[in-house]
Amino acid sequence: MALLSTESLSMTFGGLRAVSNLSLQLEMNDLQGLIGPNGAGKTTVFNMLSGMIKPTTGKVIFDGEDITNLPAHQITQRGMARTFQNIRLFGSLTVLENVKIAFHRHVTYSFMQALLQLNIAHHEENITRSAMDLLDVLGLADRAHHQANNLSYGEQRLVEIARAMATQPKLLLLDEPAAGMNPHETEQLMNLIGKIRRDFDLSVLLIEHDMNLVMGICERITVLDYGMTIAEGSPEQVRANPRVIEAYLGEEVV
Amino acid sequence: MLSVQGINVFYGKGIHALKDLSLEVGQGEIVTLIGANGAGKSSTLNTISGLVRPRSGSVVFRDMDITKLPAHKIVEAGLCQVPEGRRIFANLTVQTNLELGAYLRKDKAAIARDMQRVYELFPRLAERKQQPAGTLSGGEQQMLAIGRALMSQPQLLMLDEPSMGLAPLLVKEIFRIVQEINRAGTTILLVEQNARMALSIAHRGYVLETGRVVMTDSASVLAEVDEVRKAYLGG
Amino acid sequence: MRQELIERRLPWLILTVGVYLVISVTSALGILNDYHMINIITIGISIILGVSLNLINGFTGQFSLGHAGFMAVGAYTGAILTMKFGFPFPATLLCGGLAAAVVGLVIGLPTLRLRGDYLAIATLGFGEILRVLFINWSYVGGAGGMVVTQRYTNFHWVYAMTVLTIIVIRNWLQSAHGRACVAIREDEIAASSMGINTTLYKVAAFILGSFFAGVAGVLYAHAYYIVTPASFGFLKSVEILIIVVLGGMGSISGSVLAAIAITLVSVIFTPWPYLRMILYSLALIIVMVYRPGGLMGVKEIQLPALSLKKKEGQQVGTP
Amino acid sequence: MVEFFQQMINGISLGSIYALIALGYTMVYGIIRLINFAHGDIYMVGAFIGFFATTVLKLPFFPAFLMAMAGCAVLGMIIERIAYKPLRHAPTITLLITAIGVSFLLEYGMIWAMTPQPRAYPNLLPTYQFNFSGLIVSVQQLFILVVALVLMVLLHVLVQYTKAGKAMRAVSYDKEAAALMGINVDSVISYTFALGSALAGAAGLLVGVYYNRIDPLMGIMPGLKAFVAAVLGGIGIVPGAMVGGLLMGVAEALVSAFLSSTYRDAVAFAILIIILLIKPAGLLGKKTQEKV
């Protein structure tokens, strides 16, 4: 059974069709790319999957359950996490605090216990330890006590990934994880994404403009243009597809 | 006509968007800036038109240093930008949008004449004169954005991704019109993701990668080079 | 770990007990007279109000302009319970807080969907509506107010409640639930994508803040003999806001310091009340333009940790 | 029935004053997304300028009226320049707190200068009353209505048909795009403050004439209510402010007459909360979506 599938998913903004009739399929442990030129509707797809916006029509099935109309936090609780294209860290908090917040799903103590600090010390210690472990995996341990805003762009993107990982997802949505990274950082990111998928046994769906990254690590790629799927397949198939070349490079006027 | 010398632009803390970027645009040319998303194309245009301040470097337009001028003064100098995503005033009518393009001009007769010219160039806009601009289709909005910029009688017209989100047929039409505008005497600096199409109408081009110019040549040469393809689709 | 916790908390314990003892002893010796003591009580009430509003405005980022309304609910509940039903004071404190918390729930549920300035205006509106309702309620004396003859509020109660407010709100903020609130302030959309039920936590913070505003109201009612609707208007809400803003939106110690400073300034400027308001307003403008984070920003005062076991080469300092 | 129509008349004259103040709120909100808390106090300053002009300078109505408008226009521009312009890119709440500060500064600055005592406004208009079979309409009420209508029509023409008005609308929609048209965004904002404040000044003088008394805190409640009026009509929308103002005035008059005048203020806020919860864009507004 597919981990994620969408059925004729569409989104219309004030008469403009941002996404139309999208059908995505993602299996367990897949690493899939979602690409397309600027304005093709990729982020809109992520927003619909993660519950940030409600699709105009269509369905999202995740892990055997219809999650189309669930609020964002419930979708996260069911095991889907995402990062944001325009980085949405909790800027004035430290990196460690950012990640600790993301362990929210696993907090078991009550409001009353929190107010009175009753038996929460070991819970808190566990959360801190898990958060540090995660930062270690992403190579951010030495940044744990830095304010998130003061990190470099590349590091901020990594913190976003760490934070998404902390919700312990089955499916990770990465929105342009390499944007603003230098080639060296991008290379490291590629290795990291592969490693995360193996070690944490999860599926990844990523939007990315850096074709080296997408072609380098994705097994399957879906290409969107004008909100429609124009191609699907392995990196080689997609790269050779004339419609894709046209969508990216365009055709000549004369 | 326009000379950009070694500009450096930073956003927030430490994001170095443009690195020592230089470029030249000569009178009567169509020059295109191409490159993948995030290469710094829009940042370059925004720096030239005064929306973004460079930390160092200079922008000289027709022997006048405009590096530190506010955006509205730069329009006055004869340089107008059609921003990315069109940015038309959706709540105002098509006609009012065009009138705002001519905001700095006082010659009523000439304004009326230019308005007529814009309507001839884009007959669809003429049909929708009194409609709120927000009700136009994407292609019509792009036409309006270009028409609005033309109303300021620019010496140099800068276009930021005019093809974004438009169907291929419309893109062709827009590019043909850009060519027509150029033939009528307006110099053009064109930022495009759609590299082939941009190169097919441009005289010269600059290829940008992560805030730097990595290659510059005549458009016909760039169209044949493999690097351009790689910059988009990866090697 | 436990050892470290004790070492970090001991200085605060010493400070808390020390201040209490100093004030109790000096007042018993007559060094601090009644006038001093009422001002100290005012400071305590201001701290409770400031810290509890800071939980809503500063830590959760939900800008409320109606805090005085919750204080009013507490004050009236307290006055009614002691004057008409003869409740003991501790029960009154609890009930006053609970009543305000219930009103907080009723107001918070619908309004917390609104954002930023719209929320501010809606809470202001609710505060004013509460005030008008009290004016029209003859049972509690209408516009003339209600006389409270039992003067239960004394330094000990105020001090205990102040310390309790600070500890409870600090506990909350240091828990995962408090972190969820702060996450909402930082970025509501990102918070929801971390699995946080943002509505739940906004309402929770609002209720908790209202509860302590209610407690402050009870203390107020039994310190000043009379509660009138006019004492809990927009002006009072702004006075509390000034404490939060000057101290730092997101700093408990900032609110404590600001509450002390503002009360002292008010006392000094008693002969020139209008000048005082001019000063406040200038302070608001200047702080917003030049230091929008306020005095402390989101930082807290740290006391040096006390080292219980002397180890060689170990440094005493903040973690 | 006569009582009902009488209250409608009273409500409309009160409402036209709210509308004038609401216009300023709406214009300022439209252009910099600020609830200018100090707006009600600018109206108060307008009343005092009018008072000064008529009592000290012994000016007749119209010169005093113009002076109140001009004085408030200048005041509005100064406030924008000093307190709001440095915060152009700050969060909404920072601006809002600043505006509260400015509001208190004007109120207590005026108290400091003039004492909190209410002052009796000189009679600038004839006090004649028309009696239409039981319905009483005073010259003052008619006058207020006419002046308010004229000002609103002028403003409407200015915003809709003049170049400056088009620039204002462009700036309120998209500041960057407006700058790319050669519009000086800073001066358009300044100009908007001047206009809105001038209308508040006019309202201030009219209220002084209508109620015969003014005081430094007179701006708080009408200010808040005018804001409610602006939200009710759809904030940022000029005709919305007029509709909202008139509705508020009428609602208030009817509640005072048929329920209790003590509920007058609560009604305004109840309307506010209901509209915020049900249709936050206001009666004439369109809904917008937040970007993710």
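The letters A, B, C and D name the chains in turn, as written, and every chain counts its residues from 1.
Operating definition for what follows: a residue touches a chain if its C-beta (ideal position, glycine included) is under 8 Å from a C-beta of that chain, and two chains touch if they have at least 3 such contacts.
Values in this document were obtained by computation on a predicted structure and should not be read as measured data.
K.L.:
List the groups of chains still linked by touching once chain A is ignored.
P.N.:
Ignoring chain A, everything left is still one piece.
K.L.:
Chain by chain, through touching neighbours only, how many steps does the shortest route from chain B to chain C take?
P.N.:
Graph distance in the chain contact network comes out at 2.
K.L.:
Please identify which chain has its centre, taken as the mean of its CA atoms, farthest from the centre of chain D.
P.N.:
A
K.L.:
A-B or A-C: which has the larger count of contacting C-beta pairs?
P.N.:
By number of C-beta pairs in contact, A-C is the larger.
K.L.:
So the centre of each chain is just the mean of its C-alpha atoms; given that, what is the distance between chain A and chain D in Å?
P.N.:
Computed from C-alpha means, the inter-chain centre distance equals 48 Å.
K.L.:
I'd like the Å distance between the centres of chain A and chain B, where a centre is the mean of that chain's Cα atoms.
P.N.:
Chain A and chain B have C-alpha centres separated by 33 Å.
K.L.:
Hey, how far is the Cα centre of chain A from the one of chain C, in Å?
P.N.:
Their C-alpha centroids are separated by 40 Å.
K.L.:
Calculate how many whole Å lie between the centre of chain C and the centre of chain D, each centre taken as the average of the chain's C-alpha atoms.
P.N.:
34
K.L.:
Could you list the positions in chain A whose residues touch two or more of the other chains?
P.N.:
Correct list: 52.
K.L.:
By residue number and range, which residues of chain C touch two or more other chains?
P.N.:
189
K.L.:
Residues touching two or more other chains, restricted to chain B: which are they?
P.N.:
Residues: none.
K.L.:
In the complex of these two chains, what residues of chain A are touching chain C?
P.N.:
50, 52, 71-73, 76-77, 81-82, 84, 88-93, 97, 100-105, 107, 109, 111, 113-117, 120-121, 123-125, 127, 163, 166-167
K.L.:
Where on chain B does chain D make contact in their complex?
P.N.:
For this pair, the touching residues of chain B are 49-51, 70-72, 75-76, 80-81, 83, 87-92, 96, 99-101, 103-104, 148-149, 152.
K.L.:
Under the definition above, what is the set of chain C residues touching chain D in their complex?
P.N.:
63, 110-111, 113-114, 116-118, 120-122, 124-126, 128-129, 132-133, 135-136, 143, 189, 234, 238, 241, 245, 274-275, 277-278, 280-285, 288-289, 292
K.L.:
Which positions of chain B touch chain A when the two form their complex?
P.N.:
Residues in contact with chain A: 13-15, 36-38, 134, 138, 161, 163-165, 167-168, 171-172, 175-176, 179, 193-201, 210, 229, 232-235.
K.L.:
Name, in rising order, each residue of chain A that touches chain B in their complex.
P.N.:
Residue positions touching the partner: 14, 16, 37-39, 149-150, 152-153, 179-180, 182-183, 209-216, 226, 239, 245-246, 248-254.
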